[in-house]
Every structure is written in structure tokens, then in C-alpha cells.
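Chains: A, B and C, in written order; residue numbering restarts at 1 for each.
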Amino acid sequence: MPLVRIDLDRALFERKEEISDEVQQAFVDALGVVENDRFQIFHPHDSGEIVFDPTYNNVDRRSLILLQITMVHMYSPEAKRRLFEEIVRRLETLGLRHEDILISAVEVGYEDWYAGR
Amino acid sequence: MPLVRIDLDRALFERKEEISDEVQQAFVDALGVVENDRFQIFHPHDSGEIVFDPTYNNVDRRSLILLQITMVHMYSPEAKRRLFEEIVRRLETLGLRHEDILISAVEVGYEDWYAGR
Amino acid sequence: MPLVRIDLDRALFERKEEISDEVQQAFVDALGVVENDRFQIFHPHDSGEIVFDPTYNNVDRRSLILLQITMVHMYSPEAKRRLFEEIVRRLETLGLRHEDILISAVEVGYEDWYAGR
């Protein structure tokens, strides 16, 4: 039951379906998540709402897309790294730059969810 | 000091006052939260921003309302389950379907808050 | 790599640059965060989207700005308290009232981030 909140520029939101599919497929491929276990919330942002410094840590950022994942605490650091790299690799196939991607995961328990029943 | 971020369709946002009241009363009834300890952020969403698969886990989802709760780590799994079920029960009295409700809780410490003083 | 999600009234969003700068400087001064390590997402809200009770805990709230911080678990409760107080002190210099500020921190691991590489 990963939940992904995606903050991105409004212009990029036009490609939401491709982004949604690639992000979901990354969960399937990297973590074995069930294909139709997809819960994503998109926040398209207008100018000035997404703030970043283009020079931090010697990464050449020109834009920023944030994926904030809430997921059950059950994966190793290596598995999470594989997930992040698979998300990035897939978003790059859409033309996004890895420098412009920020991913944040927050882990919770099994008992911290209600999903329709 | 529970904080509830509520993502929902813009059409449903018209009923925000009822939703707000029922969610808050669920915290009062299930966890003994003080009645006026109410902090909620509504995100009304346009078409395409809330993404889910209507078939996951054999739940007949037609729409999705997400309640993401940030709360102090002080409740048992049973207490959280009571909270979730009370939220769902109360939202059902407004005509929402339990299948369409997704709840996610994130627990933090007492020291992770500043609330006006 | 603190990430700060800021929910505020749309009218106050006009002062986003000052708010952004003061919040970032609080991280620098209170925690020694690197100056250009700035990631902030603003959510300007229309009427009725930010819900609070003006009487809770004897704090005279008239408005509400929420800062929800995702940060690595590496700071003591005292350090976090210094951060919160520095954020509040700096926002007060912009004319915001401390009563109207709500801060929530969520801690994660180093391995829970991907930041452009």
C-alpha cells in the first residue's frame, strides 16, 4: 500500500498519466508491489510554489519534482535504493532529468492504514 | 494534536464542513482527543489528480478520499483501528462509501510539534 | 536535506519569498544546515481549506500557517525546539503571530532520500 504524493510544475502535470505509470511500474519491478496497488496524489503547482536552490550539493537542478512516499516499514535500505533508482530511471525515459527529482520516503506500520475495508 | 490532511474531489469539498465535523468527532469519540483540538488541511483536487486502481484488493472503489493523519505515537494498534473505523462510520452517514476511503497515519513524538506557543 | 511543506492562506502567499528566506535561515542558524540545502513546497489555500479551532489550548489563533518538516532523525529534542523557536521568531519579524503558527516534524532515515543523484 504505498501512497505517493507527487508535487510538480503544472506544465509537467500534462504528462501525469505517463508519470503515474512509470512510478507505479517502478514499485512493481523494484519491490514486487502488486500492479493494481496504486494510490497517487498529484499536486500541480504554479510558479513560485516549488522552491529549491539550483546549486545544492553540486547538482545542476533546473526544476523540481517531489515524490513523497508513505510506505510500510518492511524494506531494506538496499531495496529502497533500488526503488528510488528505478523511479529515476523510468522518469528519465520520459525526458525528466535525474537532477530534478527529489524522493522522500516515510515509513509506517501495517496498522497505520485503512484501505476501503 | 492530530493534524489531518484531507485530499478529495473538488465536488466533495462542498461538504467540507460536515466532513470536518465528523472526522473531528471520530477523534473525540475513539481517542478522547479534546473537542477543540482540530487542525485540518483540505486539498480539493481537480480531475486526474487523485489516482487509484478501482480493482485493488477486491475493493470496489469508485472515487477516493485520502485522510493522512500526523499524530503523536501514544495509541495502540487497536485504538488506531477504532479511530479509523469511527471515521469511516461517520463519513458513511454523509453518504460516502467505505470503499472510497483511504486513511494513512504517521506517528511522531511530542517534541515534534510547535502549536502556537 | 530538510523538506518543508508550507500550507498558508493565498493572501499570505504573496510574501512567499520572505517566508522562504526566514524559514531557511532558521534551519541554518538553529541546526547548521547548509545554506543552499533548501527544498520547500508552498500550498496556497483558499477560504475554508485550512481548518482550526481558535480556542484550542488557550492560544488566540486568528489564522493558521502550517509548516510540515520532513527531516533526517539526527537532532535532539532540544535542537528541534531551537529550530521551531527560531522559525517562529523569524516569522514574527515579518508580522506573523506566533499563535498562528503550527509546526510538525516527521523524522526519517538517511536512506529515505534521493536528491538528484
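Note that in this section a residue touches a chain if its C-beta (ideal position, glycine included) is under 8 Å from a C-beta of that chain, and two chains touch if they have at least 3 such contacts.
These figures come from a predicted structure and were not determined experimentally.
The touch graph of these protein chains is complete, with an edge between every pair of chains. Superposing the C-alpha atoms of chain A onto chain C requires a rotation of 120 degrees, rounded to the nearest 5. Per-chain Cα centroids separate chain A from chain B by 22 Å. Each of the following residues of chain C touches two or more other chains: 43, 106. Within the complex formed with chain A, the residues of chain C that make contact are 3, 13, 16-17, 20, 34-44, 70, 106, 108-109, 111-117. Contact residues of chain C toward chain B in the complex are 7, 43, 45, 48-53, 55-57, 59, 61, 64, 66, 68, 77, 80-81, 84-85, 87-88, 98-107.
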